[in-house]
Amino acid sequence: MDDMDTDPALRAFALNCTLKPSPAPSSTDLMISLIDDALRPHGVTTSTERVVDHLVKHGVRSDEGNGDEWPALRTKILDAQILILATPIWLGNPSSICRMVLERLDAFIGETADDGRPIAQDRVAVVATVGNEDGAHNVAAQAYQGLADVGFTIAAGAQAYWVGEAMGSIDFNDLDAIPKKVTQTIGSLASTAAHLARLLASNPYPALSR
Amino acid sequence: MDDMDTDPALRAFALNCTLKPSPAPSSTDLMISLIDDALRPHGVTTSTERVVDHLVKHGVRSDEGNGDEWPALRTKILDAQILILATPIWLGNPSSICRMVLERLDAFIGETADDGRPIAQDRVAVVATVGNEDGAHNVAAQAYQGLADVGFTIAAGAQAYWVGEAMGSIDFNDLDAIPKKVTQTIGSLASTAAHLARLLASNPYPALSR
Amino acid sequence: MDDMDTDPALRAFALNCTLKPSPAPSSTDLMISLIDDALRPHGVTTSTERVVDHLVKHGVRSDEGNGDEWPALRTKILDAQILILATPIWLGNPSSICRMVLERLDAFIGETADDGRPIAQDRVAVVATVGNEDGAHNVAAQAYQGLADVGFTIAAGAQAYWVGEAMGSIDFNDLDAIPKKVTQTIGSLASTAAHLARLLASNPYPALSR
Amino acid sequence: MDDMDTDPALRAFALNCTLKPSPAPSSTDLMISLIDDALRPHGVTTSTERVVDHLVKHGVRSDEGNGDEWPALRTKILDAQILILATPIWLGNPSSICRMVLERLDAFIGETADDGRPIAQDRVAVVATVGNEDGAHNVAAQAYQGLADVGFTIAAGAQAYWVGEAMGSIDFNDLDAIPKKVTQTIGSLASTAAHLARLLASNPYPALSR
């Protein structure tokens, strides 16, 4: 492996957008754990939450009130330098939970930190995607667009994904072994995401004077 | 304006994916020139080419032979630190020329530089989009996905766009004035793209040892 | 107006995928009511429900149990010959509620009626879309793909939409008047959808012998 | 097989949007020929052209002049009751040739037949898609949206597709056998498309009085 810079230590936070509450097994969780393994030697510690385990309200504000549990997830996103948006594929698209997360992140567009800069700036986003068949490129497209719009920077080669053959029904969870190309992609993703997040943590985007 | 770091000097290269050969006027050219103006104070010099003015062959290799003029454009892309992928919208999508460009960029996936690293790495991509109505977010989605897949890094807020009201027919070229929100977006895009490209130029992604 | 065939009487059912529970005003409701007005002279009666007013579970089965209120909405879909999938736009995409509806409709792929034919066949789908800016074509793309995949037929010109200028913030609800092009589109949509639904009601798709 | 209505005889026309000129082998051609075989017992005769074999100009008008060979293809489209839009997948999207075809079809929006009705009305569109990996649902989404926008009706289950496992490189042409699910999908597509095209040929959409 390359000679890695692991200083400063970084945090990654993975939002698992599966439709299935815990403790149902989740192929998306498997992909997150592989990314976690790959990020660790780069000095990145990963934590994760399943969105569906929390009472997240529909809306486009950072707090929709009435017991909305999004604010706690939002804090975890902002406490990390890397966001892993992880979703299964349904009908060739990211899950409705993933779209709900992007809607809640929409609030970032209007929010600034104490220094006047957009609140999510200097954070890097990557995408983890699993499905029985087809849809990963479309998931990346939707995710990158939403995440870049609300202020994240997208690392080169920022998606790790697996889908089976057309109209297949095998789960990523049930593969005998992780395909070598998936492992390579995850390795590359971890390296680029950690490098980029570390650069931006030490050299934040400049403030805008409007 | 913020106190800008303009060292080292950077180059941006804009590919205009309009369907119309020169010298027909192009709203996409106007958007490129606005981005050029905004990048200059950040120490970035921009050049541009209309793809349709060149004999670019269909294909997914870096040189399709038989007088293919893509190789010259490809050299300009690799000579710059920032790629501006600029396209009009047709039927809610990037132009067929823009898709042709992405297909030609697909070859980058298999190409490495002398140091073994992916050839497009350390380069930043932004997207410029104009249309009579609707489709800009979809253009960003497709462009970000293709560009990140072939190795570019996507800056936060990396799209400058304008479209009119639903089913409208006004051209960006014919507006009385550039809307303030467009100007602000371009200013922000220029600032983030220049900062990110400068960071990556001085601190390239590490090589992968596979 | 053309000499209309209004026999047999038909039913349309509109699913409003707004994020806002009743009685909050919904621009999507306005679009539905305009379509209702346009369908009536064609012998079509329209009813509507806001999905978010019901306890619809996440999932891909027709009944997810535990108080899931999707089965009642599903019955209304199957009782109608025309489905109006109506959604606001967020970040250039259909709402998370709309994606949830498509996920629940996914169950139709495996379900057959008593005669062995796919359960949703012979039904026509149209799409109603409103947003402050941009995204209508992408909404149509996602909606058509999901709806055709689960068995609906898509009428020619099956989308009625309105969005404002780029980065605008005006609501469809707040327009002084409905733009003429929107009215024309709705008129055309109503005519084609009613004609097609009537044809398929009288001449159902043949059964497949596998 | 079901008792089929094969009267009146119908014509299908397939546009192959491969990037490769004849006589290079095309997986997309194989998918077209399978659909041809499935349509024939339904009384439908299919012809096909590779777009890239013709000098089709970029543009959005029905004739771009200067030797533009689109008008001949356009005539074949209008002479058929079923359009088969057939495309390979590149970077998870329809080919640039396919987008060029949709751009040329855009002209249909403003064109009417002698009876004042939109020129493409009463025609049915289906989609044929092949790729090494991933992207078929996105191709369907883009194709359905463009085709419905310009006046085609989309049959239920209107896509036949094959893609391999994630990051795979096998061609459809090189499979040992056509997967059973692909064959079933093609059989269903042929049945619904023929039925719908026959219905609309005998019972055209009514004229609109604006």
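Letters A, B, C and D name the chains as they come in the text, with residue numbers starting at 1 for each one.
Following the convention adopted for this analysis, a contact is a pair of C-beta atoms (placed from the backbone, for glycine too) under 8 Å apart; a residue touches a chain by one contact, two chains touch by 3 or more.
Only a predicted model underlies this, so the values are computations on that prediction, with no experimental measurement involved.
Novice: Go through the assembly and pull out the chains touching subunit B as well as subunit C.
Specialist: A, D
Novice: Compared with subunit D, which chain's mean CA position is the farthest off?
Specialist: Using the mean of the C-alpha atoms as each chain's centre, the farthest one from subunit D is A.
Novice: Nearest whole angstrom, what separates the Cα centre of subunit C from the Cα centre of subunit D?
Specialist: One centre to the other, that is 25 Å.
Novice: Centroid from C-alpha atoms only, then distance subunit A to subunit C, rounded to Å. What do you get?
Specialist: That pair's centroid distance is 31 Å.
Novice: If you average the CA atoms of subunit A and of subunit D, how many Å lie between those two points?
Specialist: Whole-Å distance between the two chain centres: 37.
Novice: Touching two or more other chains, which residues of subunit C qualify?
Specialist: If we look for residues of subunit C contacting two or more partner chains, we find 91-93, 137, 140-142, 145, 149.
Novice: What part of subunit C is in contact with subunit A in the complex they form?
Specialist: By the definition above, subunit C touches subunit A via 19, 52, 58-60, 90-97, 99-100, 102-103, 106, 142, 145-146, 149.
Novice: Which residues of subunit C touch subunit D in the complex?
Specialist: Touching subunit D: residues 1-5, 118, 120-121, 137, 140-142, 144-145, 148-149, 151-159, 184, 187-188, 191-192, 195-196, 199-200, 203, 205-210 of subunit C.
Novice: Which positions of subunit D touch subunit A when the two form their complex?
Specialist: On the subunit D side, the touching residues are 91-93, 133-138, 140-141, 161-168, 179, 181-182, 185.
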